[in-house]
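The next part holds the structures, each set out as structure tokens.
Paired with subunit B in one complex and with subunit C in the other, subunit A is shared by the two complexes that follow.
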Partner chain A sequence: MSVLTPPRNARSQPGSGRNAGPARSAGENFSAWANRHRKWLFAAPAMIFVGVLIVFPLAWTLYLSLTDSQGSVRAASEFVGLENYLTVLSDGERFWPAVGRTLTFTGVALVCEVVLGMCIALLLWRPFRGEKWVRVAILMPLVATPVAVGMMWRLIFDPNIGFVNQLLGMVGIPPQPWLSGQDTALGTTIFMDVWQWTPMVVLILLAGLTSLSEEPDEAARMDGANAAQRFFLITLPLMMPTVIVAILLRGIDALKTFDILYATKGKGGGSFHEVETLNVYAYGLSFDYNQYGLSSAVLILFFMIIIGSMWLLTMRKKAVSK
Partner chain B sequence: MKRRSIMQYAAVAAALSLGLTACGGASGSTDAKAAGTVRVTLANHVWTEGIKAAIPEFEKSTGLKVELTQLGEDQLSDQYNVKLNAGSDEIDVMMYRPLQEGKAFAKNGYLADLTSKVSSDAGWDWKDYQEGPVKASTVDGKVVGVPIITEREVLYYRKDLLKAAGLEVPKTMDELEAAAKAIKAANPDTAGFVARTSKSAAVTQFSSFLYSFGGDFTDASGKSAVNSDAAKKAYAFYGGLIKNYGPANVSTDMSWPEAMAIFTQGKAAFYTEADSLYKNATDPAKSKVADTVGFAALPAGPAGSKPYNIPSWGLAVNQASGNQDNAWKFIQWATSKERTLAAQKAGVPGPRASVWADPAGTSTYPQDLAEAIAASAKNGVGHDRPEVVTVGKAREIVGGPIVATITGADASTAADTAHDAFQKFLDSEKK
Partner chain C sequence: MTVLSKNNETAPQTAAARPAPAPRRRKPLGTRAYKVFRVAALIAVVLFLVAPLFWMLLASFKTNVDIYDTGKSFFFTPTGENYANVLQRNNYFVFIFNSFWVAFVSTVLSLVLGVPAAYAMSRFTMHRSALVVLMARVIPGVSLLVPWYYVFSNLKMVGGFEVLILSHMFVSLPLIVYIMMSYFDSLPLELEESAQVDGLTPIGAFRRITLPLSVSGIATAGILSFIFSWNNFMFALVLSGSKTKTLPVAIFDFVSYASIDWGGLMAAATVVTIPIMIIALFTQKYIVSGMTAGATKG
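Up next is the complex of A and B:
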């Protein structure tokens, strides 16, 4: 912080060799100093922010993951090296299934969101009457709070009094367990995620579509290409960088999903851990079990999974851009 | 100092989860003391509503100012985990669950020792407190909390359905099963029995069945007893009631709000639940069966009727607070005989013997409920979950067989699996 304040007793020192000349006021002195260090000064707020809120927490989590900290993080803990990591990586009961669920959730949700998002974006691409209203309607899920969304779908999918089962009953389909089923819960939460986040993908893709030049498409049309050919051979390749941006943004978010899972299934992701992803698992380890060392190890591994998958995608984006 | 505490917050927030933040902007406890302020954190509860309305009275008589934070149960736990972990002095008085968090908080040094304070005021009278709640608020011989709300498990039932079926109120577990079966057979849309089904939430309500069948979570030597014959029978009975006579498509995620909703929507004949929640069933604004709900003591199992009788909530003082004297003043006022009577009249069963002995203390309760409570207080058991430090994890382990039985698995096998895991857990806690 001290770098931001001018020296308290900054006094001009007339005739002090190096700075001989007219006396300079404290203000001038400071601005000269600030000018010399401006690249640091301008970057300082951001650097302090990153340092305190990102680098330090990460380093602390890394440190905790190497200790047997539990109960309270202020209690004495011992350095145990990689023991937590070994425990976690050999845990076939909670950790690996959670990894599987995290990847399934993200993978399936992403594919649905990008395919659906592309279809909707293509529909909205060309201007039509009432376009504004349709866009507003499509964006509605995006502005809803995830916890409220979770509660809403929980009621809709209730096995006994829920709207969905009543609707199915009308066409003679027996009631389904949805969120309360061991095999159906994860699928149902994926559906909720798709419902809520497809609009964001639509927005990104629509921005990409509008910036495309129309000439290649028109040229292809003149050459007699049909709609499918024009999409797969012209539009999609041109859109690839945008699609990857959409996957990147949504992918990071989907990997970290917590709110709708917690709002619909509570702690531990349900009685059979049906929807327990890595995030939900780490939350349970720290807030329910108070095993901070173990929880930190899970979070660091989770962090590495996220960084790894994003790195792969960015590499792919670079390849496409070339 | 300021800078260090910011760093500590950042550290703890990150350690607990990379996403959840923890920073609060409130000032420290010495500032609060100087300003004559007490910072009180309470859970959403009928009790809290009553206290909130009466706080101006406290402020007037003491000249102190109360800063109240009110949170849902889970959010409250998370808040404590973050703030107390960071050694925050921003909380003076905290509402906590003696059986859920008491041991862990005391072990971590979060709770101030109140032993000398509780015995200092004869007028306020610590001796007036029932034995079970006092025991649950005492850790290693030190009083760390003052109980405010007590609970016992009772049977909620539908008078109209029983009458239509020509049945008496069940006195034993066998009668309960027979009645649930008969009512379900006569009314296919109505469940014979409903109760909590979620692995962790169901443990407390299952505990009374466990005791009534002659079991407990641990034996006298502190070893796991969840695979005893009695425990296996209790698991099979509780899970079987829900599986065979429960609602169709029963969810295994039900805590009390979901189970209570089924009962108050008129979709179930019997429901076992904490007595402190009875207002949800008798309030016509919340319940379709307000006119026809009846209460009875928990039916007797092979070992008799042994419901839990526990303090579900208490008030404690944050050890890190420099404002402990003012905090104690608030607790002393909030737990006085007058306030306890007022809360009890509003439907919150309290821990004071004198209030229960006073006819005014039960004047607002349905007659049958007051009788059921009196019976339960007599033969109740002082805990409703394993008495360990990491209660959250223990509940998940011993709750496993409940969910397994509800979904049709064999209770005995599930109990054996849970026993191994629970014994391993108990061993790890001893270390």
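Up next is the complex of A and C:
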């Protein structure tokens, strides 16, 4: 094994950054101490930062969920035990529909994004001319500001002046209400999410595809397997761990989607709560209606749903990776 | 027919065992019909992704009368009035500065905290500790906002840059730790070990060897953190004041006025997205590697 030469800039300034002169021994002591404890010296600041900003608020949310706090957090509140949870869990008007919308939104968006993402990733897999420009196009929705994207779609899906209805008109389909329709609003926001986030799934799956060994595919080709057989029997099973990572990363964010929903439908997810997911519901309870006790209970339940679905996926991933 | 793949470790042996194939990079793909289909599909994908943004850009150059006139979808006399309105009358330069400042400071501070943390967590395989930091990515932001708002308003900090930067760091830090951990995981340990044999302390080896080698990883993490902070809406919606309002909140306020000024709104939306897209254009490679960090190791 060859001995490594330190990079030039490290040599040209020997001892820089070290204490020189009388303070030297103290500096050396400190340096020795720092080196011995570098594990926690490095990790602790970030962990303390996140810990303070999470643990304390989460504990408080848990506490608030057990009180009847409302109006102002400062106002006197009484301990009511699990009453908020009972209220929320028996609330068939706002809470359960919100759970349903959250799961529908996440589920449908995820399925579309993964299927579409896999198709696009397969299209891009082998090199082709103009690849660079297609990759740029893929990046654009991904980095666009969600609120701006929401506004953009509001114009495009506008029932009267929107381009989508214009386009439909050309082929003789009557104008649709899209975002302003009670039944179509959620689907339209799902479409927006698919537009913005399919590219992320494409990037992840493409990274997975490029890291695959070509040999299994090659062997199957020699044995006369056709393209569909090779995809479903060779490529897809090998890609499963990556697919699950993509679902996991995207699913966490999809469950928590807020920006485009609030930007396109405003408070309460629209006048009929068409797109009110758990996150929008909890935000509204907290900041539009100041029902802190109730909103905290909703948030704790929401958090449990997120953790639960992540746990299920991680289990699935372990099973697939074996 | 076999063709060697470029990054195949067993390639030399196979090459010796089999007759040397043509030096093609990839296997030829299917029939002509497939090729035509592929080109068509690729064009459809690009159109699907880019057309809406193009529409937004077009509308931002239209007067509101032209926006309402479906006959003038593509052919109209462009006007810069919407931009003049947005930038001058609505003070968007202030919001642009606010967004930039919050994103920049929170990214730098998160890098200072996050890179050493990711290094320690990667080298000492502190998976439980990493989980604490990554938890921040999972928790719904709303559950933190009520307590934050209460504490920070008692400290008279709501409406100031500090609290906004703190809340954005909360988004950036887990992202940076996540990306940098997978970067450090892929960096060979031998380099640091031989640097230590040459007399550097462990921290010295981190500073002189590992950090300089990690520039591209740090760039990846920094760029993504900047973008996420620039795009962040919910934290700024609650925690920003009239003086610290960031662009996403400014756009949102645009529609709360009585009727929607579509031209102005699209100009505002373009003003927010253009800077980030230009950054993305020049840092494509980093964004891709950041988005896919940790996705392919089993």
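Simple rule for what comes next: the second predicted complex is superposed on the first by the 282 of 322 C-alpha atoms of A that agree within 3 Å, B and C clash if a C-alpha of one lies under 4 Å from a C-alpha of the other, contacts with A are read in each partner's own complex, and residues count from 1 in each chain.
In the analysis below, a contact is a pair of C-beta atoms (placed from the backbone, for glycine too) under 8 Å apart; a residue touches a chain by one contact, two chains touch by 3 or more.
None of the values given here were measured: they were computed from a predicted structure.
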{"item": "Superposed partners subunit B and subunit C on subunit A - clash or fit", "value": "clash"}
{"item": "Which of subunit B and subunit C A:52 touches, first, second, both or neither", "value": "first"}
{"item": "Which superposed partner A:230 touches (first subunit B, second subunit C, both, neither)", "value": "neither"}
{"item": "Dominant toucher of subunit A (residue count), subunit B or subunit C", "value": "C"}
{"item": "Subunit B versus subunit C as contact partner of A:250, first or second or both or neither", "value": "neither"}
{"item": "Contacts of A:272 with subunit B and subunit C, given as first, second, both or neither", "value": "first"}
{"item": "First (subunit B), second (subunit C), both or neither touched by A:296", "value": "both"}
{"item": "Subunit B versus subunit C as contact partner of A:288, first or second or both or neither", "value": "first"}
{"item": "First, second, both or neither for A:101, with subunit B first and subunit C second", "value": "neither"}
{"item": "Touching partner for A:175 - first (subunit B), second (subunit C), both, neither", "value": "first"}
{"item": "Contacts of A:64 with subunit B and subunit C, given as first, second, both or neither", "value": "both"}
{"item": "On subunit A, the residue positions that both subunit B and subunit C contact, one per complex", "value": "53, 56-58, 60-61, 64, 73-74, 160-161, 256, 258, 266, 279, 282-283, 286-287, 292, 295-296, 299, 303"}
{"item": "Sites on subunit B touched by subunit A in the complex", "value": "6-7, 10-19, 74, 77-78, 81, 84-87, 104, 107-110, 197-200, 247-253, 255, 262, 265, 267, 389-390, 392-393, 396, 399, 403, 407"}
{"item": "Complex contacts: residues of subunit C adjacent to subunit A", "value": "2, 5, 8, 25-27, 29-30, 38, 41-42, 45-46, 48-50, 52-53, 55-56, 59, 67-68, 70, 73, 113-114, 116-117, 119-121, 123-124, 126, 129, 132-133, 135-148, 150, 166, 169-170, 173-174, 177, 190-191, 194-195, 197-198, 200-203, 206-209, 212, 227, 230-231, 233-234, 237-238, 247-248, 251-252, 254-255, 260, 262, 265-266, 268-270, 272-273, 276-277, 279-281, 284, 287-288, 291-292, 294-296, 298"}
{"item": "Contacting residues of subunit A [partner subunit C, same complex]", "value": "1, 3-4, 6-7, 9-10, 17, 31, 34-35, 38-43, 45-47, 49-51, 53-54, 56-58, 60-61, 64, 73-74, 119-120, 123-124, 126-128, 130, 133-149, 151-156, 160-161, 163, 166, 195, 199-200, 203-204, 206-208, 211, 213-215, 218, 221-222, 227, 241-242, 245-246, 249, 252, 256, 258-259, 262-263, 266, 278-279, 282-283, 286-287, 292, 295-296, 299-300, 302-303, 306-307, 310, 321"}
{"item": "Residues of subunit A touching subunit B in the complex", "value": "52-53, 56-58, 60-61, 64, 71-75, 159-161, 165, 175, 177, 179-180, 182, 256, 258, 265-268, 270-272, 279, 282-284, 286-290, 292, 295-296, 299, 303"}
